[in-house]
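Shared between the two complexes below is chain A, which pairs with chain B and chain C, respectively.
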Partner chain A sequence: MSKSSSSYRLTFFQRNSQKIAQAVIITILVLITLPIIVGYVWLIVRSFSEDIVHGFIPTKLTLKNWRFLWQEMKGYPNIWQTTLNTFLLALGVMAIEIAITSMGGYVLSRYDFPGRSAMLKFILVLHAFPAISLMVAIFYVLWNIGLLDKLWGIILLKASLEIPWGSWIMKGFYDGIPWELEWAGLVDGYGRMKVWAKIMLPLVKPGMAVTAIFAFLSGWSEFIFVYTFIFSQKTWTLSRYVMGIIGDYRFADYGLLAAVGLFYVIPSIIFFFFVSKYMIKLTIGGVKG
Partner chain B sequence: MPSIRVVNFSKYFGKVKAVDNVSFEVEDGEFVALLGPSGCGKTTTLLTLAGIYKPTAGEIYFGDQLVNDVPPKYRNIGMVFQNYALYPHMSVFENIAFPLRAKKLSKEEITKKVKTVAKKLMIDQLLDRKPMQISGGQQQRVALARALVKEPEILLFDEPLSNLDAKLRMLMRAEIKKLQSDLGITSVYVTHDQAEAMTMASRIAVFSMGKLVQYGTPDEIYDHPKNMFVAAFVGNPPMNFLKDFSVVSEGNSVYLQRGTSKLRLPDSRKGSLPEVVPEKVVVGVRPEDFRIERKEVDNGIPGTVYVLEPLGRDVIVNVRVENHEDEITKIFAEPGETFKPNERVYIVPNLEKVHLFDPETEETIL
Partner chain C sequence: MMVLVAIFFAAPVVLTVILSFTDMDYSFQWNFVGLMNFEDLANDYLIPKILVNTLIYTFSTLTLFNVGTALLLSLLTTSISDRLGDFFRSLWMLPRLTPSVVYGLLWLWIFDPTKYGFINNIRAFLGLPPQDWLHTSPMLMVVIANGFIGASMGMLVFTAAIKAIPVDYFRAAMIDGASWFTIVRRITLPLIKWQILFVTAYQTLSLLTSYEYILIITDGGPVFRTEVLALYTYHTAFSNFQFGYGATLSLILVGLGVVAALIYLKLFGFEALMSKPRIEVD
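After this line comes the complex of A and B, so read on.
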């Protein structure tokens, strides 16, 4: 009796090994994220203070840096018009991408059409291909169809660049749904389209949420195409607006820059909170209703 | 209710011949089982009956209507899948109501029909749950309810009981059989469990490697298997095979002889022997068609008791045949008889009931 119980005696470290491991992991994670957290804290503090000394100490609380929200800034477009443009861009890309990838993914997953495997390989290659190298060609195309300097042009451009990869992602979600469910729907008296809409689509909702997040964020944060193909200030988006402030040679107004920057990230944070429950559900390809 | 007629049906997937030139009929209101080992084409046949696959060749008739190109939704069939295929995002109620919604019935009618069928299958307590929140046996009942609620003319089952535990399986076996005979719906039931096929079906179609080997009543299949495959597949424990017997005629009698063992074929059976018999034949004897004796008798084959398998009511005695160490015969002992391992015995086949097979073609000779 006593012999066997003594063999279960553990040292302090053995007894608490799990807690210690946890503490170590948390410490490491904190250290890694610290610069990012510090950056955001600085952004918030700076945007509400008159000036900053020693890099971090705010001098006087003020709302002056946020003046761009209620007064016209000389040399810049109206902020609300710019924000609306950014939303239109992000939501437009999202809507088109969801509509097309939810159907494209289904076809890639379920139909054995000629050229299917070639197409799948091509999508992978395409994804590795930087879109920026297409700049000149894109300019030419947009110019020809009259979508240069138009928000629609950017929306269609972003969506078309992301649809192949998005379809691939959606294909993974459809692949996770057994054929039997589809067959059951057919036997229960529905055509293939109805089965897709009533059975398949609800089951790939997490996939659609993930695609939506990425499409929205990529539209929201798009800069290079807006910078290159949009010339009129009334069509600017927020990323271009921020660039305008950074690139203003007259003086570097860090307070203004911090406030605009913060304003720019708020919607994407809110959006993320809305859809993060789907992100957590996401286990590569696996879908459980 | 229509009958089903399958004529010269084949289904290929690329080079794979999943089903190869199969013909059979299911009569109006009949319960037919498709029986065979894994990969023999049972599911493929069933899915073709459902209209999900199109035949590569051949015709499928419901009644006298050719349905080869009729899509599933116009076939008025109910189907129960092996893993139930319940819609995970719908409640049990919605699952059962789904086929009715396709028919555009009124809300009241749908509720009424779902409640009726749920009550009949004793799942009316579960209507609000999601499929993930009920047990396997309950899921099975929901799948059955979904198949029945639309009052189909044909019911198709794909191994519906294989995911249930043994006790529940026995229970559902009887219940499905009762339900089918009450409703009189023409049914095709796929299974790889011979006991299920024997107990439930009025006729069994035995499949092997995409071919229909034999089609007949359970008794026909059991008593007159067409070849060694059917003989071995149907029955538990399976038929015993004793190899390398020669058929010899002496005077008026015909004997099956191997070494010192000499079995006299009864006069009633020797007439059925074909003119030409292979040099060597395989003798097939079912476990209940052996008698075990302790002393040497006519038609006895010597051996030693190898191991005993008590089953409660019966005991299966495994006897190792002398000079043929690889032949371990399984025999149901007579009630009350007891044997000990390593005991020397003589096993005596009931020669009225032995089967003879050609070892080359594996076809039945007698």
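After this line comes the complex of A and C, so read on.
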């Protein structure tokens, strides 16, 4: 008896196979995620240190790298003016997008108008379509309507490129609201507009928040349009500023680069904590199961 | 909404077509030159090199990262606890929310040719001389930098698909003694093949037309070694101010966009999403 039970004794690896498999998987995940972790840790550490050795060890802590906040960099616009511009761009895109998509999403979700399905397809296609390939023509259009080198031009352009996808996301949130609520409103004598404003809008607040954050961040991060369509330094946004600093100080002063970069990325990281949960649950429509 | 779409979508498409028959520059003179731009295109000695670059860039980013790494990430993160899985998936979303210039800066530092760069710092630690990555393998830099952003979309789609698979399948397989690899190969992958196809199709187009990170990291250099079609179009228009020829090159991209859009609609008929509204009052 004892002999047979001993022959069936599991080895260490068999007994812990689940745990070992978990540990192996987590190790692999950490390894392939390492470049991302390394990059952001460096950005933070480097911005506060004179120099770093062996990867991440600061030789001496300093605030010198952040000097661009209190003294103007030679050949660069004032950082606070630039930051303000970036905020205006982000807020502008956000305001327009929320105003239009909160209505557009409702219409797409709840109205059966002729061409609805064509429009839904059109929106998906617009989203997939590389707007970036139209840069030449957009340059001409902006010049023609006098919005070249103007923040307004970028705001309108950016908002209009974001609206199709934003409407689609808002539609998803409206789709999740039971029809009964709307019927109840109609039975009680509300019109369609009133149903939307009094019943639906309060219920899609989370959706509006998510759309607003994405719109804000996409305006905040915008690079290529600002880089191409804005020339005057007083209209620069942070992306243009950072790009300039990279070009001028890349081999000379990584501390400054890291500090400027970190300064620019702070709002993105703050919002990241709010939306990351939502983002990883976001499913992309149009997938056959 | 329709006004904005008309100004920034419809008008530009039409304009791009018209502009491609002019030799417009920054003086914005309409000067029709017939098919000259198209002849230039046929004779442009850079085009073959750029097309090869575009293919290498698109194909390697797609297979290594946007589908390959994405698949690996979704398979691994669904094999551990949900909390840890969410944690890793969130980390991979971080680059997507980071402004592109800052993200580019991180890779410029990692690949820095001097001993201050991260990789060269590690090489120094191992007693190896610093290497100038920009000149030895610029394409690799660009592919990796783009891949770490591109992988997250596939990761999300695949994860959602894997989570939708009934857990009984996995349990049954495990009782039958199937290993992790067998389960992945025989159950998971066949069940998410639609999603893999979708991500492949979607990302092919987005890679063919993307250039923002290349512009920031190598700007197409050194000597056109990472210049892809979309970036070449951009440079033609906004570095050389040849708007006419730039528009002609854009037409290729627009054409790609249209073809891809048609393929999406054909392949992934979106009918399931189009359920009709249930109020007939108006």
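We take it that the second predicted complex is superposed on the first by the 230 of 289 C-alpha atoms of A that agree within 3 Å, B and C clash if a C-alpha of one lies under 4 Å from a C-alpha of the other, contacts with A are read in each partner's own complex, and residues count from 1 in each chain.
Just so we're on the same page, a contact is a pair of C-beta atoms (placed from the backbone, for glycine too) under 8 Å apart; a residue touches a chain by one contact, two chains touch by 3 or more.
Keep in mind that what you see is a predicted model, and the values were worked out from it rather than measured.
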Look at A:61 in the shared chain and tell me whether it touches chain B only, chain C only, both, or neither; answer first, second, both or neither.
neither
Mind working out whether A:160 is in touch with chain B, chain C, both or neither, as first, second, both or neither?
second
Is A:138 in contact with chain B, with chain C, with both, or with neither (first, second, both, neither)?
second
Between chain B (first) and chain C (second), which does A:265 come into contact with in this model arrangement: first, second, both, or neither?
second
Between chain B and chain C, whom does A:31 touch in the aligned arrangement: first, second, both, or neither?
neither
Examine A:178 and indicate which partner it touches, taking first as chain B and second as chain C; both and neither are also allowed.
first
Quick check on the superposed pair: does A:42 touch chain B, chain C, both, or neither? Answer first, second, both or neither.
second
Applying the touch criterion given at the start, work out whether A:186 contacts chain B, chain C, both or neither, answering first, second, both or neither.
both
More chain A residues in contact - chain B or chain C
C
Once the two structures are superposed, pull the chain A residues common to the chain B and chain C interfaces.
183, 186, 288-289
In the complex, chain B touches chain A at residues 47, 50-52, 71-73, 75, 77-79, 81-83, 85-89, 98-99, 102-103, 130, 132, 146, 150
Contacts from chain A onto chain C in the complex sit at residues 21-22, 25-26, 28-29, 32-33, 35-40, 42-43, 54-55, 100, 104, 109-112, 116-117, 120-121, 124-126, 128-141, 143, 145, 156-157, 159-161, 163-164, 167, 179, 182-183, 186, 192, 217, 220-221, 223-224, 228, 238-239, 242-243, 246, 250-251, 254, 257-258, 261, 264-265, 268-269, 271-272, 275-277, 279-280, 282-289
Where on chain C does chain A make contact in their complex?
1, 4-5, 7-9, 11-13, 15-16, 19, 24, 28, 69, 72-73, 76-77, 79-80, 84, 86, 88-95, 97-102, 104-110, 112, 114, 116, 118, 121-122, 125, 144, 148, 153, 156-157, 159-161, 164, 180, 194-195, 198, 202, 205-206, 208-212, 215-216, 230, 233-234, 237-238, 243, 246-247, 250, 253-254, 256-257, 260-261, 264-265, 268-274, 276-282
List of chain A residues in touch with chain B within their complex
178, 180-181, 183-191, 194, 199, 202-203, 288-289
